[in-house]
Amino acid sequence: MPRYGMVIDLDKCNQCGACVTACKLENNVQIVSKENAEMGRAMFWMKMLDTSYEGSYPDVRAVNVPALCMQCDEPSCIKVCPVRATFKRDDGIVAQIYPQCIGCRYCMANCPYTAKVFNWFKDEQPVENEKCQNIDVSVRPKGVVEKCTFCIHRLQIAKEKAKAEKRELPEDDYVPACVEVCASKAIYFGDLDDPHSKVSKAMHDYRKFTLQEELGTKPKVYYLSAKSE
Amino acid sequence: MEINRRDFMKLIGGSLAGLAIGGAAGAVMKLPKSAEPILYSGPRIESWKLTACTACPGGCSLKVRLIDNLPIQAFGNPLSPINEGGICSMGLASVARLYHPDRLTGPMKNVNGKFVSISYDEAYKILKDELGKVIDNKKQDDVFIAVQTESKLRADMFKKFSEETGFSNLIIENFQASGAYPYNQVSGEAPDFIDFDKCDYLLNFGSQITEVSENPLYYTRKIIEHRSKGFKHTAVQPKLTPSISKSDDWVPLLPVFYADFALGIAYVLLKDEQYDKAFVEKYFTGFNDFKQYVLDNYFPDKVQELTGVPSDKILQIGRDFEKAAAPAAYFDETIFYNSNGTENALAVIALNALKGFGGFGKLKEEFFSKILENEKKKEEEITFANLKERLSGHKAIKALLISGSNFVYNSPDQAELKKQLSEIPLIVSFSSFVDETSSFAHLIIPDHDDFEKFDLLIDKSMGLPSATVLQPVVDHYYNTIDTSDVLISLMKDLKSGAKIPYDNYNDYIKQFANKIYSTHEGILMDQSKPTVIEKGLRKIGWQTESYSSFDDFWDGLLDAGGWWNPFADKTSYNPKIDFKTNFGKQNASMKKSLASLPNKKLRLNIFRKNLDYKGSMSLYPVLVEQFGLKWTVFYQLWAEINPDTASKYSLQDRSKVVLKTSRGKFPVFLVYNPSVIPGSIDVPFGLGHTNFGDNCGVNPLAYSDDLFDKSTGMPSFSETLVEIDSASSGSSAYTAQIITDEKKLSGTQNRSVYA
Amino acid sequence: MNDHQFVDEDEVLFRPIYQTSKSFYILAAALSAVLLFGVVMYLRQFIFGLGETGMNEPVTWGFYIISFVFFIGISHAGTLISAILRLSKAEWRRPITRMAEVITGIVLIIGGIHPIIDLGRPDRIMHIFERGRLQSPLLWDMTSITAYFTASTIYLYLPLIPDIALLRDRGGKFHKLYEILSWGYQGTAKQKHVLERAINILMVMVIPIAISVHTVISWIFSMTLQPGWHSTIFGPYFVVGAIFSGIAALIIVMIIFRKVFHFEDYLKKIHFNYLGTLLLVMSLLWFYFTFAEYLTTFYGHEPSEMRVFLYKFTGGYAPFFWLMVFCNFIVPVVFLSNKKLKTIPGILIASITVVIGMWLERLIIVVPSLANPRLPFITGIYVPSLTEISLLAAATAAFILGFMGFSKIFPLISIWEIKEGREESVRMVSARLNEYLPSKGHIRKEIV
Amino acid sequence: MNKKILFFTIPVICFAIGFYFFSKTTEQPEEIDPVPFSHYVHTKEHKIKCVNCHRGVETQARAGIPNIDYCSMCHSTLINPASKREKIIYELVKKNKQIPWKVYYNLPDYVYFSHRRHVKLGKLECVACHGDMTTHDSPEIKNFSPIMMQFCFNCHEQKDITTDCGNCHH
């Protein structure tokens, strides 16, 4: 069984934010209205964390961290879910089952990465975006929690394709949208346990760090940066 | 048992109650709406098509996903040498534009302020007759054509048109062309590309090279690679943009001072006698005057007091520059967003000349110029500057044709410009939205969407000639028509006996492709990158593959999404240049006032983000939403200010503030940003559309002073002074008022979700 | 009407049941209006989604959870106190226990509903029973609350039986109901004995359940990784807080009904004195816990913990925090430790402030931690919307209405216990005293 | 006494009725297809396989319903001039007008169901879920089996295939 994980090379990342857009469009993440956005209900599965700066003018450097669900190995969100609406699959992806969720938002309260978002209202996409929604992903109803799923629908389809063609699932067949679009090839994705995969090679880089290491949630999203975190 | 009346009433009551409660319960227990399946008739067969992205000058190759032949998603084409599967936010979002509610569904005629739709023939007839009249009484010079296109071929078509019909006032806004403009002034030919194989030091003057530039995605990859090889990349810019995050060194500097800074560096080179002597005496006419001038005026301390860049920094960079074997001082169109832009550009060119343009390269044989008929024609270039003069001089303009350009939104002091525009008797727009500019049009003949038309985006910035196909992924939705086809039929009708070898634009493209084919060079993009051996074989004239016929090639081209020639050889770029200009004279007073701020004044530095190219962002809600994501500011204009400056004016972080320029007041949301130059206040460009898309935020350019580069007519982004006045109540009303009267002008419905 | 054939010595306790003043109806009408408004607002939320509230990212829990914790806290007044007093054979308990238990009953219902109000998908509530995960603290919570509810309602009902029997014997309204409820209780020795046993068993049982309930509620928070929540002290801290607020609520209720129904010579100064002292003790205890909690946080000085800490002490929630300290510590100590101020009005004031203060405490616990998550980039501000406020009001109204309703059907002071007290307690107490005291004869022997 | 029963039952019945009417989400469209399509004629008489028209069955998630230009492959000419029904489709083909098929087998979008997985990889017969369509001579008016989650579970459990939520729901 593979163990899917991601490595983001901050030294390569050029902060263009294509991953954010790709994620929103791939997963039909709702674009909330102006009022809600100002209330702090904007929904992003992947977001560029607010810029933090190093050094003092004029030798300043901006540090941007593209942050998504860390797909922890020890997820704190699944422990508290009362109905098993979120749980860890065998392949390490922390799945979110929308028809199961009762919307108690306990998992959000317990996520140290604030990676989950809640459907405060029913989906309210602008017209043009409704017309070109991704048919592989369901539109979430109001009142359920959602989060990054490593584009799990892509895995389902890729697996099935591979099976139909009677072959193993190759590394590049299944990558999330954010990885696919990254122009500077800063995001690696794949099986962490497979020693030959690009991602596991990148994972053993000396620059590796994860967010909130001390919590022991064992994130499967690693970051590389020559500068310390 | 007997049931008396009361019992009966009870019974009725009971049953009604039951019914009601039951109904209520049922309604409550009802499945949520979303559980109902989305009925989607049709087999939902998935297919992929390749086309090109026109969101910015890059021209990346797109891989569009269609369900039942309707595009729903766009990704990067992994086989394209330009973007290698990568794609930026604008490209990703572009599909939504097809379905935009504000898109025009057909030709429109402006009947006293309201747009009414008319048939195409009707519209065409009006256009033809009006232009015919102009031609009959020999008033061709009173017709202006403002074009903004990133496709060289389309530009070429317009040149052809102006040549055939005699409408010589043709303004072509093209990122690459305007980048080459100053070169044409001094030498007549521009370098084709930065030669990353040679170049070992990149000095970048104000170009947001990895965001919106000639070829952002290619440059992104190259610069990362370049740095990993240990070569330096220094960026000179007024703002810490994401591009700079990939540079080793950042010199915060306002564009006004680029020339002085460049010459300061030139001074170091000249002083150390480290410049390329051979090159200089061979190609650099008027070098001695130049040298003298620089040595007299630009010793580092002077530059320091002029620009504020510490002299040792200038020295250090100068030394880096002179040590480098093949340095490149790079600039692109961005450098002109400033009232002395051309001067800056020339200074940078001069700096390059001192090192013999080592960092730049040129294709051995002018591949595309060979086959583009009209590209070389460059006798006195017409720019927006000319149009602006005309307008301000109130000299009669009979007609104005606008294609793709939204120059009202992109120009400062819009109130004045709008007044002037409303005086023009005939304005014809080919835009597919009623944007700020075409809201003044009397006639709109909407162009196809870029997903609905044919084109070929040719590019040399990779050091290799490449042509990416822009092909219709869906046959056009509405009653629109490709502008080039209109032009062709106009040419035929206006000038009888004009010999035009093609009857529509697709033919033209095909013929162009045929020229490429006939050279038998290069490969299609779906073929694997050639190995070294393969290259060697090519050198000795080995054909790896060839096509039986042109149609064969053409089909292959459409499937592959493009053509490129990895075998093209490049030469060094060494043009003859002569400088008559002596620099630094231009707007000295401006510089003074910007350098030493009058009290209570701040510099308004308008910066551009990679989500927006020339104000096209508001069409894509997904982009508008994440515009201010880094600051978690949504759907409103924000301003970044240095904490020290802020504390001087006692401004709080994340507070609402009203800025006041000579043109009016506008509200901003203030955030602290330690990377902002002290004394200046950075405001993003791209919000504040008033006619279409998401009407949110403010367009800061509308409030900045009416300054533009004298020779290119590009608006000045960073020379306005603002004051803080925190009477936020009146200001919001002010902006609201602007929006409303704009609405009156525009005929389209505005989606009021965010308005 | 056969109510006034004979005048019971405790007639005053029966009077509320048989006589209803005009003002009662007015008040009831007003309160039910408030309640109704709340219901309507909830329906809006049900239809349009939780967006109607002021909650957002990252403050995903608001008033509902606060009220939930608060009301469950109040519920500790009753059963726990009366059980403890019964257990410790405190004679002065007799007029208090009933009200205490009623509070528990009503408030538990109200508090228990709040989590459901807070759900994004109340229509899927059954999932908890169908596919519930016992690993989730929410599930523990449900179980313990339901257990507590059953236990305490029975515990409320059993001591009611003799009184119901009394009412039944008087006949008049509701006699059918009383007949059913009193289970043919005749006050025979055997019945008395059985009743006593049942009550004793229950009161021993109820105490651990009650403690567990609030410990579990505290665990909802302390089991998470949120800064400011992840603390072992929370269990006892919440329990203390709960009892604290419970007593305050009880005192308020007692004082009000004393005034309204003229129970002056049942609820004497002494009762309030004792309860006041108890309140004072709890206040000090609460302060001790609070102090310990925040001292450890401050001393550890863990950055994300400190963000929350400062947010409470100096940041956006400073006003609420210091108001809480004022309400929960300063006011009670001043009023209750000072002879002059420890009058009934004084105690009333102290109790009211305590109730407010405890509500604030729940606010202080829930919101700031969420508003300052571990990743410092997204922080939130929480402003409740009308929906939430009106629902809080509705909850309070429901509480009062419930009490009023109860007072119209059952006596608010356990009559039979009073009677029993009159007849036996003097004898019993003196007997007990004799057990404590050494007997004189013994001493004499020593000397000789 | 039985008056009481009456008083009890009637409101209850009313309750049931009310509940039923209000709680229905997607009421099946009652009127039949505009084209009186006959599975029988196509499959039995002309020996056309299901896959030939529902092309997606073995290659993608959705089986798909043929649109007019697919029908036109055969119906561009009248095969059996006698047949009235064929005329209708023939007319439609001539006008090149899409057929507004009624779709009866709809899954909520949060369910991932793939025909390829079940038919090609799982070797299931169409009959298993759709019943024997080949016998139907008239257009459908209801679906053979109400596709509820239990329906999937029955099969998945007895074939012991994973019943993990994440495999079908996303």
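The letters A, B, C and D name the chains in turn, as written, and every chain counts its residues from 1.
The rule is simple: a residue touches a chain if its C-beta (ideal position, glycine included) is under 8 Å from a C-beta of that chain, and two chains touch if they have at least 3 such contacts.
These numbers were taken from a predicted model, which means no experiment stands behind them.
Ranked by how close its mean Cα position lies to the mean of all protein Cα atoms, the top chain is A. Contact tally for A-D versus B-D: the pair with more C-beta pairs in contact is B-D. One inter-chain figure worth recording: chain A and chain D are separated by 36 Å, centre to centre, where each centre is the mean of the chain's CA atoms. One inter-chain figure worth recording: chain B and chain D are separated by 50 Å, centre to centre, where each centre is the mean of the chain's CA atoms.
Chain A and chain C have Cα centroids separated by 44 Å. Spacing of chain B relative to chain C, judged by their CA centroids, is 67 angstrom.
Among the residues of chain A, those touching two or more other chains are numbered 40, 42, 50, 84, 99-100, 122, 135, 138-142.
Shown for chain B are the residues in touch with two or more other chains, namely 29, 32, 34-35, 38, 44, 632. Multi-chain contact residues, meaning those touching two or more other chains, occur in chain C at positions 121, 378. Of all the residues in chain A, the ones that touch chain D in their complex are 84, 87, 89, 93, 95, 97-100, 135-140, 149, 152-153, 156-157, 160, 163-164. Of all residues in chain A, only 12, 14-18, 20-22, 24-26, 31, 33-34, 37-38, 40, 42, 44, 47-48, 50-51, 53, 56-62, 64, 99, 122-124, 126-129, 131-135, 138-142, 177, 180-185 touch chain B in the complex they form. Contact residues of chain B toward chain A in the complex are 32-35, 38, 40, 44, 67, 70-73, 75-76, 83-89, 92-93, 95-101, 210-211, 216-217, 220-221, 224, 240, 242-243, 245-246, 250-252, 610-611, 621-623, 625-626, 629-632, 634-635, 642, 673-675, 677-678, 696, 751, 753-754.
The touching residues of chain C, when paired with chain A in their complex, are 48-51, 54-61, 115, 118-122, 124-125, 127-128, 131-133, 135-139, 220, 223-226, 370, 373-375, 377-378, 380-381.
Chain B makes touch with chain D in their complex at residues 1, 3, 7, 10-11, 14-27, 29-31, 34-39, 41-46.
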